[in-house]
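As written, the chains take the letters A, B, C and D, and residue 1 is the first residue of each chain.
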C-alpha cells in the first residue's frame, strides 16, 4: 500500500475541508465523500458551552493511520484524509474531518462512514462536555 | 417543511463546497456529509478530454428541489444543498456537490447518498463525453 | 392541436433539432405520440430508455396530451 | 519491576494524576494489573469500559507486562 494515499493529522489548529479535499483529489477520481463533525449546542436537551478534546497523541495518530490502511484495503478508494483537532472547541467548530475519494461513489461513502465509525471506537481521544452547571466526560460512565 | 432548509443551484459557474457547507451548518448540527462529483480522466479505459453537460433547466431545478424535499421527509436531517453545474468541464472539475447536515451522522450519510443516487435517475441533465477520437452521450444507448 | 416538442441530449440529434412545433390529433396519449415519433425518427428505438415530460413533469404513457403542451423527450439522464 | 502508568480523560481524575511510576511483581498480566488498580482506585469500577494499551498498542487481559512498559488506561473513547 502506498503510504502517500493516507493523510493523518492531529492538531490544535483549525481543520480545513479544502485541504482534505485537495489531498484526496486526482485525475482518476470520480467522487469525493467528506464527513465533517461539528460541535452541537446540546446533548440530551442540555446546553453545551464548549468541548475539551484530549488525546493520547502518539497512539491516536497510529490508530488513525491504521484506520486509513484498513479502509484502503477494504474499499475501492484512492485516498483518504483523517484530521482531528484537540483542545477547546466552541459550538459549531469542527473536531474531525474525514475525506475519501474513489472512482465510483459507493466505495467513498462506505469508506468515509466506516472510518468515522471506527475512529469513534478505537482512537484514544476523549471529550469533556462543559455545561453551565458542570462538566462530563462523554460516554465514560453509564 | 421549511423551504429555507433546501438550497438548489444550477449554474455555469464553478461550484463551491465551502458555500454548500456553510449553508447546511447550524448550532444544532453534529455532522455534515458531502458528496463532490469530479470529472474522471477515463471511462472504460478510454481517455476523456472533457465533458459537456446540458440541462432542461426549469425541470432540472424542480426535480432537484423535489429530491431535497423528499430527503428532508425521509431522513432526520437539518438542511441540504444540491448544486449542479452545466457547460463544458475538464478533468478534475466538479459537476455536482450535495451536502447534508444532521444531529447524528448516520442520517446525513444516508441522505447524501440517496440524493446523489436519485439525482442520477431523475434530474434531466445529460452529459456528453468527449474523447480524442469522438464523443458519446453517456448511457444513452446500450 | 398544436404542441411544442423539445429534445435534449442525444434525442436532439435523433429528431434533428432542439425545438419542433407539431400538429397532433386531439386526445393523443403520450404512448401514441411516442409511436408516431418513432415511426418518423426510427433512431429513437436505439435508446436504452425514453421518458416523456409534459410541462416540466414526468408523465405516464396513458397521459393525455393537451393543446399547447410543452412535450420534452428525456433520454437516459446522466447528471452528477 | 518498574512501569509507567499514564491516565487520560476521566481515569486521570479517578487515579489522581496523569503519570504514575509503579512497582509491579514481574510476570504481572494486564488483567491482574487492573485488579490491583481497581482495589486501590475503586472509582475505576464505575466506567462503562476500560481498555489498556501497552507501548501505544491495545492489549488483551492475558498480555504480560514487562519492565519499563508504558501502560495507558483507556476509558471509553469519544473522539470525533
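The working rule: a residue touches a chain if its C-beta (ideal position, glycine included) is under 8 Å from a C-beta of that chain, and two chains touch if they have at least 3 such contacts.
As the structure is a prediction and not an experimental result, all values here were calculated from the model.
For chain A, the chain with the farthest CA centroid is C. Averaged Cα coordinates give chain A a centre that lies 23 Å from the centre of chain B. The centroid of the Cα atoms in chain B and the matching centroid in chain D are 48 Å apart.
Centroids of chain C and chain D (each the mean of its C-alpha atoms) stand 72 Å apart.
Of all residues in chain B, those that touch two or more other chains are 37, 116.
This structure has the following touching chain pairs: A-B, A-D, B-C.
Across the complex, chain B is touched by residues 6, 8-10, 46-48, 53, 56-58, 72, 74-80 of chain C. Only residues 37, 53-56, 58-60, 62, 84, 95-96, 116, 119-128, 137-142 of chain A touch chain D when the two sit together in their complex. Contacts from chain B toward chain A in the complex involve residues 17-18, 21, 25, 27-42, 91-92, 101, 103, 105, 108-109, 112-113, 116.
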